[in-house]
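Listed below are the structures to be examined.
The two complexes that follow have chain A in common; it is paired with chain B in the first and with chain C in the second.
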Partner chain A sequence: MECNGCEFRPELYYDAEFQIWVRIEERGELAVGMTDISQSIAGKILHVRVRRPGTLRPAGKPVATVESGKWAGPVPNLFDCTIAAANREVLEDPSLLNRQPYESWIARVQPAQPLEQALSVLLTGDAAWAGYQARCRRDGIACKRLPA
Partner chain B sequence: MTDDRHYLDHEEKSVVIVMTSGPSQRHRCATPFYMAAIMASMDADVKLFFTMEGVKLCQKGVPEQLTALDGGKTIIEFMRDAKAAGVKFYMCRPAMPGYEMEVDDVIAEVDELSSGGELADLILSSDKVLFF
Partner chain C sequence: MNHWRVIDTGLRPAAQNIALNRALLEARQAEEIPSTLRFLRFTPSALLGYHQSAEQELNLDYCREHGIAVQRRITGGGAIYFDETQIGWELYLHKRDLGTADMQRISRRICHAAATAISALGVDARFRPRNDIEVDGRKISGTGGAFDGDALMFQGTLLIEFDVEKMLRVLRIPAEKLSDKAIASARERVANLRDLLGRRPDAALIRSNMVEAFESEFGVEFGDGDLTLSEDQRYRAALREIDHPDWVGLVNRPVADMPILEAAQKFAGGLLRAAVTFDVQTQTLRQVWFTGDFFANPRRAVADLEAALRDLPLARLEQKVEWFFASRAVDMLTLTPADFVAVVRLALKQPLLASNP
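Moving on, here comes the complex of A and B:
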């Protein structure tokens, strides 16, 4: 599924602005990454820095920062959590986020509350797809993915 | 072993950026917003105060047309990136008459019109102060 060339994966969970995707992992952890929309807005990503594993992150406090030559910003966090791990491959080669945004998770987090409660603040499935298309069209976002 | 520079350990800090540069020095008008966005993403409470020629960046029609480099992103896009990261914008009201600006001329991204005294309060109460 795609809109303006930006890939969408219905099985993932998203924030309301579709900056991040979230995927359920083992041991109740959640993987967090950038959407195709986000990497297209950012352009070629040069640096990723993640909060050190073990750090508590309240809702609203980013889990990581991302920098390209023309854009800098947070990887948002919508629920209380603890940073479980950072993806070393992405830290060493941030352009993976431009080439394989849905394979390249940035951080894994352990929610402070039950998984269902953490995921309840995110969008998924049809509702997420509708919002994803609306964001692409509203802001005229076209996919600018780097070759894999 | 992953390099330690990849990890963030900062405690919360407050930062005020005083933006005095304007369209006459357009090459100085993008980086302050970029840096503000990074610091806000690193848990800093970042306030950006426009004064002197910097207030021109808050005039409708100016940041939409201005770029720091030929063919680059517009300044309003850099400003919006900073806002999205959590940066708050303050504009010096006493500087407005000198640049023939009225309240209706101010872009919606500005959070507050402030006095010189409020800038002084920000400077005296912040952990870090940067001037551009």
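Moving on, here comes the complex of A and C:
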């Protein structure tokens, strides 16, 4: 599924601005990555930094930071969690986020609350798709990928 | 008409200036303050980009010996030296001020306005992608940005009577870049307002030009203001975190992971030397310097090539050099694009076709 060339995956969970996607992993962990919208807005990503595994991240404090074209900023976090792991491949080649945003998770986190409670602040399925299209159109976002 | 605020926080140590960056960006994100233009100055400071490591980027012994503070910015980009000979300018904006979400377009729009302001002083300043403002091919203002949710901060320097040699000594660069000839050539690549105008420009005029240019670019009106109580509170909290070795050491990679590698090779077109800071883990060229005894016209082509090779994965070196020379006219007599590739590969001791570990 896509809107203005921006790919959407209905099985994932998203924040209301569609900056990040979240996927359920084994052992109650969640994988966090950047959406196609985010990577397109950012441009080519040169640096990624993930907080050390074991670090507590309250809602609102980023799980990671990224940098592109001299812009630095957070990968936001919407629920209390602990960093479980960073994706080494992405740390070593941040442009993977521009090539395969949905295959390239940035961090895996363990939510502090039960999984359902953490996911309850996110959007998924039809509601997410509607919001995703609205965001693309409202901000005139057209997605571009670096060639894989 | 929208009303924005202009403030001048005066001359401060780096930790305070960076803590104010954090405070104002957070306050803008929380909608506690209007969009703001801030002017600032620094006591002598070496400022790392957010994701850089001090050991890899700076000559820390020199900084210690000369009382130069080492700090980490919240913005991206490379390490710089900032002192009283420069003025800093910053915009704190909300995304809805900008009409686009595209970060490169936002940089371009702000830099165009800043270049207009600088030109109004009587020089011909232009935006040069990616993020510099130049006069006649010489850098007069470098910029970078940070974002947080719907708020963003964009900042720039403005060189008034800047000493390039001091900056070169603060940065970790190949020794030969500190020769008299190399320093002279570095001087040729930056532009100081004092030199261009033949006098020290009036700080108040610089401020009013900037205000006017941003007013006209964004269709707003600026009013003078001071820090608010909420900003001051956020500033104190940010200062506790930022004025601390843990913040400066937030990214801490050993020098061994980013060696400076050098080589020289004689070609039919002359002697070519390359020095390369190479990120071993990611196999990325962070910075390349070319020197030697060869002819190139225009002379800035070499500096432009160096800029094009920044942060380049080694695997794309050949392709990038080929694209660079194909996309502009450079007269190098018998020196060829392949010679530049060969000398970089020689510095890395990774001739083409060798497999990377």
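One rule holds for everything that comes next: the second predicted complex is superposed on the first by the 147 of 148 C-alpha atoms of A that agree within 3 Å, B and C clash if a C-alpha of one lies under 4 Å from a C-alpha of the other, contacts with A are read in each partner's own complex, and residues count from 1 in each chain.
Heads up, the rule we're going with is that a contact is a pair of C-beta atoms (placed from the backbone, for glycine too) under 8 Å apart; a residue touches a chain by one contact, two chains touch by 3 or more.
Quick caveat, the model's predicted, so the values are computed rather than measured.
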| item | value |
| --- | --- |
| Three-chain arrangement built on chain A, chain B and chain C clash or fit | clash |
| First (chain B), second (chain C), both or neither touched by A:Arg49 | both |
| Partner chain in contact with A:Cys143 - chain B first, chain C second, else both or neither | neither |
| Contacts of A:Ala86 with chain B and chain C, given as first, second, both or neither | first |
| First, second, both or neither for A:Trp71, with chain B first and chain C second | both |
| Partner chain in contact with A:Lys61 - chain B first, chain C second, else both or neither | first |
| Which superposed partner A:Ile24 touches (first chain B, second chain C, both, neither) | neither |
| Shared contact residues on chain A - chain B and chain C | 49, 65, 67, 70-74, 92 |
| Residues of chain A touching chain C in the complex | 17, 40-43, 46-47, 49, 65, 67-74, 76, 92-93, 95, 139-141 |
| Partner chain B, residues of chain A touching it in the complex | 48-52, 55, 61-62, 64-67, 70-74, 86, 88, 91-92 |
| Chain A contact footprint on chain C (complex, rising order) | 49-51, 74-77, 100-104, 107, 130-131, 143-149, 152, 251, 281-282, 311, 313 |
| Interface residues, chain B side, partner chain A - complex | 2-3, 5-9, 34-35, 37-38, 40-43, 72-73, 81, 84-86 |
